[in-house]
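Below: a set of structures, written as structure tokens.
The following pair of complexes shares a single chain, subunit A, combined with subunit B in the former and subunit C in the latter.
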Partner chain A sequence: MRTPSRRRRVDVVFWLGMAWLTVVLGAAVLAPLLPLGNADDSVKGLTAPIFASPEGLGGAYPLGTNNYGLDVLARVVYGARTSLLVALLAVLIGTCVGGLVGLVSGFVRGTTDRVVGILSNALLAVPPLILLIALGTVLDPSVRSIAFALSLLTIPSMVRLARANTITVAQREYVLAARALGAGRLRLMLREVLPNVVLPVLSLAVVMISVLVVAEASLSFLGIGIEQPRPTWGNMIAEGQGGVMEQHPYIVVVPGICLFLTVFSFNLLGEKAQQRWDPRSAKL
Partner chain B sequence: MARRFLLPLLELVAVLFLVSIGVFLLLSLVPGDPAIAVLGEGRTPQEYDALRAQLGLDDPLLTRYGDWLGGVLHGDLGTSLVPPQTDVLDRIARAFPVSLELAVVGLVMALVIALPLAMWSAYHQGGRADRAISAITFGLLSMPSFLIGIVLIAVLVNTLGWFPRNEWVRPGESLTGNLSHAFLPALTIALMEAAMFTRILRNDLVTTLHEDFILAARARGMSPLRIMVSDALRPSSFSLVTVLGLSIGRLVGSTVIVEYLFALPGMGKLVIDAANQGNYPVVQGAVLVIAGVYVGSNALIDRTYGLLDPRTRRAHA
Partner chain C sequence: MTTDVNAPHVLEVEDLRTVFHTPRGDVHAVDGVSFSLAAGETLGLVGESGSGKSVLGRTVMGLVASGPRTTVTGRVRIGGRDVHALKPAERRRLWGPEVAMVFQDPMTSLNPVKRVGTHLTETLRRHLGCSRTEATERAVDLLRQVGIPEPARRMGQYPHELSGGMRQRVVIAIALACDPRLLIADEPTTALDVTVQKQILDLLASLVAERTMAMVLVSHDLGAVAGRTDRVQVMYAGRTVESGPTRPVFDVPAHPYTDALLASIPRLDNPPHTLLRTIEGNPPDMARPPAGCRFGPRCAFVTDQCREAQPEAAVVPGGRAVACHHPLSRSILEGAGDGR
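Moving on to the complex of A and B:
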């Protein structure tokens, strides 16, 4: 008797999460068109009050200002823009590169497969955040290079998943039949195998988004990622260190809640995607 | 026998070798001149040239890699570029125990929190406690560790004053002092892992509790606690062990963040400071050591399946 009511409750949470994602994505895309305050011009910020308390929607600073007099609402919206842009770009690169490499190495097997396996094991041998820090030592902290660094995190697991799925699919009878009908390797890979590998890979991609949003935030929190005054949720939360949060909790609370809700919503979406598209790996 | 132990070992060495190439190549691309990083600006060109020659920066890349790897194999990771110009290995040897303690205490705390919660949750499957625990743990999984940490510091340290402020007491100086300083950072590390462990173990326990041997134990009149601990726990712990292996990477990450947040002198602080200063010998050495420990501990965890589940022992051979 309990199960139906429980399912409905979970769905309400799910749709709330999707609503939040729509709002955040919409705000991030439309940020330049919205009537927002000063997000990153610290010279203009000199004339604004610092650490102004949140005033609500009617006021001049709806969510307050930070220690440079920059508008927290504007920063949180532009922060969403940066964070989501970096994470989505990285997932896109990782999915395309990792998925293709996995597809080819699972289909061709042999030496190619072995080399790819060793290379992706070597990438997995360095813990993710350490890899990012090492890359951060070298790369300049721009959106493009951070997205590239983050995509390296997703590639090995993408390769593994795509490869494993390719191997099982490639043994099916219909692939054999297509081969008997004279289809070439490329056609077999793209027309017969790929459509059956895409969905599990996509579901992992959705799960990866939330992992990468957290990774990007951690990196800019540590001061290695995208730098001030350009806002990201990570470096906004870092502003609360050293006793600032105790006096002005909103400095951490505002970006913190945005980060939490976004990661939470992407986790819900990822769970749904895995249940539907890749039931085998939907363990959690 | 030889196949079982030698092959994984060889693979491990190959992977570490690749990592060493990667780390070396990557950091030899560091923008900016290391000589300027060491001496500062405003010296004569001759002084810079002399230092570059001394550091071997004029040699071809392959020679430099050979020299570096030769040094690494002899336990010499080079010297720090930024003053104090101490031996990199010494600095790692001082920092490593701090990180190890944090990670191990964090992991133990996570298990101490997760085991009873998972058992409670599985026993009352579908009940109010189960649903509450499920919701809370799902929420915790969406909390990055630096967010948990910064909130814990603001509330428990700076406002309520329950815990001492940032500093580190080595266990040699005072064991209780050490533990009281390690508690909050370790808790920060533990919370997210505990959430993950609880969910995994609870799901497996629920499956195990439907087995016939549990029914038999119950029919013999054994108490729920006894059934949980002595009958259900072991067959339910395989996924947990897998996740434990996967979580070590995340554990390293949260240890790094927690050290930065609490200003503790561990590997994470070492690496982040070095990365910010462009002090590449320290980054190289630290990344190599961390990768070695990480790969080694994952290999060890792979071995424990055999201890837990006799069926997998034959599959390995």
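Moving on to the complex of A and C:
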């Protein structure tokens, strides 16, 4: 149903953010279909000019080229593909695993809950960057393993949120009422509790995406994430090291702005989602 | 076990005790309660807050059962089967088709993210194995039976779209979905307006009559219990202080507690500004109940005998029982206790 009173003034910043996300996600998904330049073939790049200046949309290199003669626009789009893929995959793993573990431990309580609590607190106690660097040295730098490493960062907070919400929901009378009608544990968890827990967990997940986009960029910047020549925003920014940025600022500025706007937009979306769905942060 | 053939009791409760082990000590929430209930009969459980009536209701269901922090002793037989001797899975099969419960607050006893229809059809499909369309039909029919207008449209609505009275009707419809033989209504009207309260109570009474169900109506509202129950059981601090057919018990109470409860109901025919009579003090701390009669500290007629010995329930004429050393209204209770 439509409620006319809801039409307060339009949140311009929010909608600009959403527009940006649509463009980035669209470009990332459709990247292979777009008429883009050479993103990662450094052999072909040998024939192209290096450090070509941005020429605008009409030119051969709209956002210029890097030190291997690779097209920066193409790289930034393929970079979005990798960065977002890694972040989304990690959040997906983290939400599913963390959410389920939290749901079960909050519902079952007792020993299970205590063990889960100790493990998730232990994971929270390790400084995230150190954990990532440690994992980065052990795992091979593929999308899958980076996503796995990053998901470890999200699991403990997901577990906590899901567990806390489960505990409050599980005490509600409708859960007791369902039990009094003969519903089993699994049914109670999945049909009664889960639907009430899923919204706050999802809104945290959206915020997590932006955190993980930054985390992935940091890893790739340090060279323990996705490796060159495969582009990500992090390793593109790293190309600006050693005096390159001073002479060719666009090398850093382009992926930097993309990173900034994307993280900013995901945060806006996450905030909005939490206001709507997470009763605790919705108050006030 | 008693008279299985002649009077098949739907519910038999025998010396039921529920003890919660808390850090402050053992709390005897239900302390030796017995009663039985035949089909078509309604029993009112009354008492003030903390007298153990809700815990009794839940223990009868088996929702409160022995565990690490709870001990349940005594026997509860629903349809001849001992609820507390059953395995959890078997007990769950009892819930729904044999015994169902209506909860206190319809605001919280419906899941806010599930549609009214889902609540109903889920139960039907689970217990009776109905198909989707069959379940929907029966659900609409159930909603109509509990007096919900436009039942088909209500099916697609969420609980927050309904009023409190409507919600309680839905809760009742859910409880009735599997045609239970016993319905436990745990203060079904506490959260509702007075006018709606009456409607809901009348609805429950007519449903009990139609379906020849047995019903336990838990309430602290004596008025709610008075007109709509066959028998009444007055609880205080986990024990039954008085029981018997509703009318005589309320007309001529034999236990000082029943008397005091009835006296503290405001009456329309009282002159204006009449001070409302109250019972002094609070129910006892159940982790440290007083010695002797538990109502002793608040009783107007307390004697040394009351402080020393706990009165046992004495059966008196008219199917009544009183647990008091000095029951009131000696005249109708000849031979019970030594009078005063």
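FYI, the second predicted complex is superposed on the first by the 269 of 284 C-alpha atoms of A that agree within 3 Å, B and C clash if a C-alpha of one lies under 4 Å from a C-alpha of the other, contacts with A are read in each partner's own complex, and residues count from 1 in each chain.
In this section, a residue touches a chain if its C-beta (ideal position, glycine included) is under 8 Å from a C-beta of that chain, and two chains touch if they have at least 3 such contacts.
Since the structure is predicted, the reported quantities are computational estimates derived from the model, not experimental observations.
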Q: Could you classify subunit B and subunit C on subunit A, in the superposed arrangement, as clash or fit?
A: fit
Q. Touch check for A:Gly184: first (subunit B), second (subunit C), both, or neither?
A. second
Q: Please name the chain, subunit B or subunit C, that touches the greater number of residues in subunit A.
A: B
Q. Counting only touches as set out at the top, which of subunit B and subunit C does A:Glu173 meet: first, second, both, neither?
A. second
Q: Would you check which partner chain A:Asn196 touches, where first means subunit B only, second means subunit C only, and both and neither mean what they say?
A: second
Q: Give one of first, second, both or neither to describe whether A:Gly136 is in contact with subunit B, with subunit C, with both, or with none.
A: first
Q.
With the superposition applied, I'd like the minimum CA-CA separation between subunit B and subunit C in Å.
A. 16
Q | Residue ranges of subunit C in contact with subunit A within the complex | A | 61, 63, 89, 92-96, 100-101, 103-105, 108-114, 122-123, 126-127, 171, 174-175, 177-178
Q | Residues of subunit B touching subunit A in the complex | A | 11, 14-16, 18-19, 22-23, 26-27, 29-31, 126, 131, 138-139, 141-147, 150-151, 154, 158-159, 196, 199-200, 203, 239, 248-250, 252-253, 256-257, 260-261, 271-272, 274-276, 278, 280, 283, 287, 290-291, 294-295
Q. Of all residues in subunit A, which touch subunit C in the complex?
A. 172-184, 187, 191-192, 195-196
Q) Inside the complex, what are the residues of subunit A that reach subunit B? A) 2, 6, 118-119, 121-122, 125-130, 133-138, 140, 210, 214, 217-218, 221-224, 234, 237, 240-241, 243, 245-246, 249, 252, 256, 259-260, 263-264, 267, 283-284
